[in-house]
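Supplied in structure tokens, the structure appears directly below.
So that you can tell them apart, the chains are marked A, B and C in the order they are listed, and the count of residues begins at 1 in each.
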Amino acid sequence: MNARHALPPLALLAALLLGWEAAAAAGWLTPIRFPPPSRLATSFRELALEGFPFGAFLSTHVVATLRRVLAGYLIAVALAVPLGLLIGASPLLDRMASPVVAFGRSIATLSLLPLALVWFGTEEAPKVFLIGFGCFWVMLSNVIAAIKLVDPVLLRAARSMDTPPRDIFLRVMLPAALPRIAAGARMALGMGFVVIVGAEMIGTSIGLGALIMEARTFYRSDITMVGMACIGAIGFALTALLGLLEVRLMPWRRGRQT
Amino acid sequence: MAPPLRARLAASPALAGALGVALLLLAWEVAARLLWRDPATLPAPSEAVLVALRLLTPGEIAMHVLISLGRILAGFTLAAVAGITLGVLCGRVAAVERLLRPFVEAFRPVPPLAWIPIAIVWFGLGEASKVFVIFLGAFFPIWTSAWRGAALVPQVLLDSARSMEVRGPALLLRVVLPAALPDIAVGLRVALGLSFGVLVAAELIAAERGMGRLVMQARELGQMGVAIFAIFLIGIVSLLADQQLSAIIRRSVGRWRPV
Amino acid sequence: MTQGAAIDVLGVAKRFATDPPGAPAVLGGVDLSIGANEFVALVGRSGCGKTTLLNIIAGLETASAGEVRVGGTRVTGPGGGKGVVFQQNALFPWLTAARNIAFAARNRGLDAAAAAALAAELLRLVGLDGAAAKYPCELSGGMQQRVAIARALALDPAILLMDEPFGALDEITRTEMQEELLRVWEARRKTVVFVTHSITEALLLADRIIVLAPRPGRIVLELRPGLPRPRRRSEPTLARLHEQIWDALRDDHAATRA
């Protein structure tokens, strides 16, 4: 996007912020419902330097949330990829698993909250479990689909060259399925961020999700909004990071739109 | 002689699927009754259903389901209308895309559940805030798919339309929208799934009824059986809703685009 | 029914904004007069500008210099009695064959009943009465192109512009379609501009053949087979003309590469 194209949205953004600030100053918008941008900036500084609740700095919240999301996500990926490869490569297993996978995806992750509490207590484990559960089914269904959708022409070509079965799997099927697996990895990460806010509703005041909810009980919608912006920024950054990783891993797809 | 099991499973995906589900339930049943033996932490599936049916009347269950479905339908429909309209505009009208896209992209990574406190402040504790949160969960996948679908309409279709003097709003409505429908359909299914995912959280907002409320109530009363029943209930209703939607898609889009 | 109109191409040149300076133009000032109800074929190798010229006549692209007149009126955009048949997949896949044709008919102001009647009539003309309720994906490539021709005719155009309409078809279907097109053209006389890269196809169909060469796109040869239709492929005259066109293409290629 060049400078000329960036101008209209920037102008709109500036106008919105100015209008918001002016409307708040004039008393048309109540600060609890629409805390003005200047207030949000102050709240951000407060959160970073003094913390909210007092002593829980922004960095503390960010690190706690990141740790939970990444732990749950990585466990889910580590379990789902091998399982998905296995199921995807075996038509019989795939048929047997398909209603289970469809149902697993349909389960609302947060409805597992009571089970997570009973099974894992109220510390880190239930949160990691919920995030892992949510990511797992997204990842699993994508890995299965990725293997199933490999172009049969590629497999026939490999067989015609007398490729041993092991190499067909590792050197043909896997690379051919990689783009879809990578797309699944990105979707699963998104799911992790959907779940985290709910997972942090339980037994903690540390973490961005907890911060967002906690601020409500103190009527601090300004803190909630700052927290939302932070969690959005982290989600955005991690997704971008995964995108970069994809480009490194799959040089043959460079220059293609994903 | 009956054909071997393996061949029969290969011939019928439904049979294989039923077998897969049955095996899993059986394993759970056995594990819960013989190994774990503590219904307070892990009830067997049969126990969960029996307990739930003892504590809840069918009428109550139906009421929870219908109330949740009503909220989802409201949020999802609003998201579909807004997402398709804005998505198609962004995909085809450069000025709209330049203006709107940065804003949509900025809000997209914010998890829908993070809006709950704001939703309460803006809309109160009633239905509107629940519908709003479901709307946010469903909007982004629909918007993205409509935008992609509209942006990727084959040039030859647009040229055909131009050679027949179709332009402006008619072009969007009669050519771009139908051409983008296969993509939009994918987005709608993802969005419906997410609506159910967000539902439980939305019903944490001081709901007195609904399937999500049922889960939380079971938690407060320590009724693990009811909790598991409710989890399955949400899953099954969500699955049925998805099948209904995909049947509608097959009947409409599937007629002209084999899937 | 509208009769064919004359087409005048006056000094049409085309350069794309993205072309590097100094690169030869796609079209370097082409002059061409096509009489009413004449069937003209544009032949040349890829990149000679034949499709660009067709698109400029259709009003789908604008010329960098010069102008096109159809029936004495300057072309400023698509529509207005210019029917276009594209290479393939240009039917609206979500409409049945009959509705695709009716779509065009409605666009020139017919009411629903009249459009449906016209669609039925045109389907009969192209020999597809039975396929009215079929979607494009249920039709073979040849049948799709018959519908595409019927759709262009439904606009009641004064000129019919065809951009390699049979280019994606197999040899057998292609031959059938060439005969079919001549039959339809006998029934509904129009001015036809027919782009093809098949010299044989041009020789079998056209009153006049225009041979184009690239860099810059220009006319290098014009000839009239002057034979009655249907023409036989084994006709000695056609073989001689074929050699003549091929020589022109080859000589030009050698000259520009040297």
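Following the convention adopted for this analysis, a contact is a pair of C-beta atoms (placed from the backbone, for glycine too) under 8 Å apart; a residue touches a chain by one contact, two chains touch by 3 or more.
Only a predicted model underlies this, so the values are computations on that prediction, with no experimental measurement involved.
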- Any chains in contact with both subunit B and subunit C? none
- If you count the contact pairs for each chain pair, which pair has the most? A-B
- Measuring centre to centre with C-alpha atoms, which chain is farthest from subunit A? C
- Message: Averaging over Cα atoms per chain, report the distance between subunit B and subunit C in Å.
- Response: 48
- Averaged-CA centre spacing for the pair subunit B and subunit A, given as whole angstrom: 17
- Message: I'd like to verify one number: the distance from the centre of subunit A to the centre of subunit C, where each centre is the average of its C-alpha atoms, in whole angstrom.
- Response: 52
- Message: Per the contact definition, I'd like the list of subunit B residues that touch subunit A in the complex.
- Response: 6, 9-10, 13, 16-21, 23-24, 40-42, 95, 98-99, 101-103, 106-118, 120-122, 137, 193-194, 196-201, 204, 211-212, 215-216, 218-219, 224, 227-228, 230-231, 234-236, 238-239, 242
- In the complex, subunit B residues that touch subunit C: 154, 156-157, 159-160, 162-166, 174-175, 178-179, 181, 253, 255-258
- Residue set of subunit C touching subunit B in the complex reads 58, 60, 77-80, 82-84, 86-95, 103-104, 107, 135-137, 152, 155
- State the interface residues of subunit A toward subunit B in the complex, per the touch definition above. 1, 5, 8-9, 12-13, 32-33, 91-92, 95-100, 102-103, 105-115, 117-119, 134, 193-194, 196-198, 201, 208-209, 212-213, 215-216, 221, 224-225, 227-229, 231-233, 235-236, 239
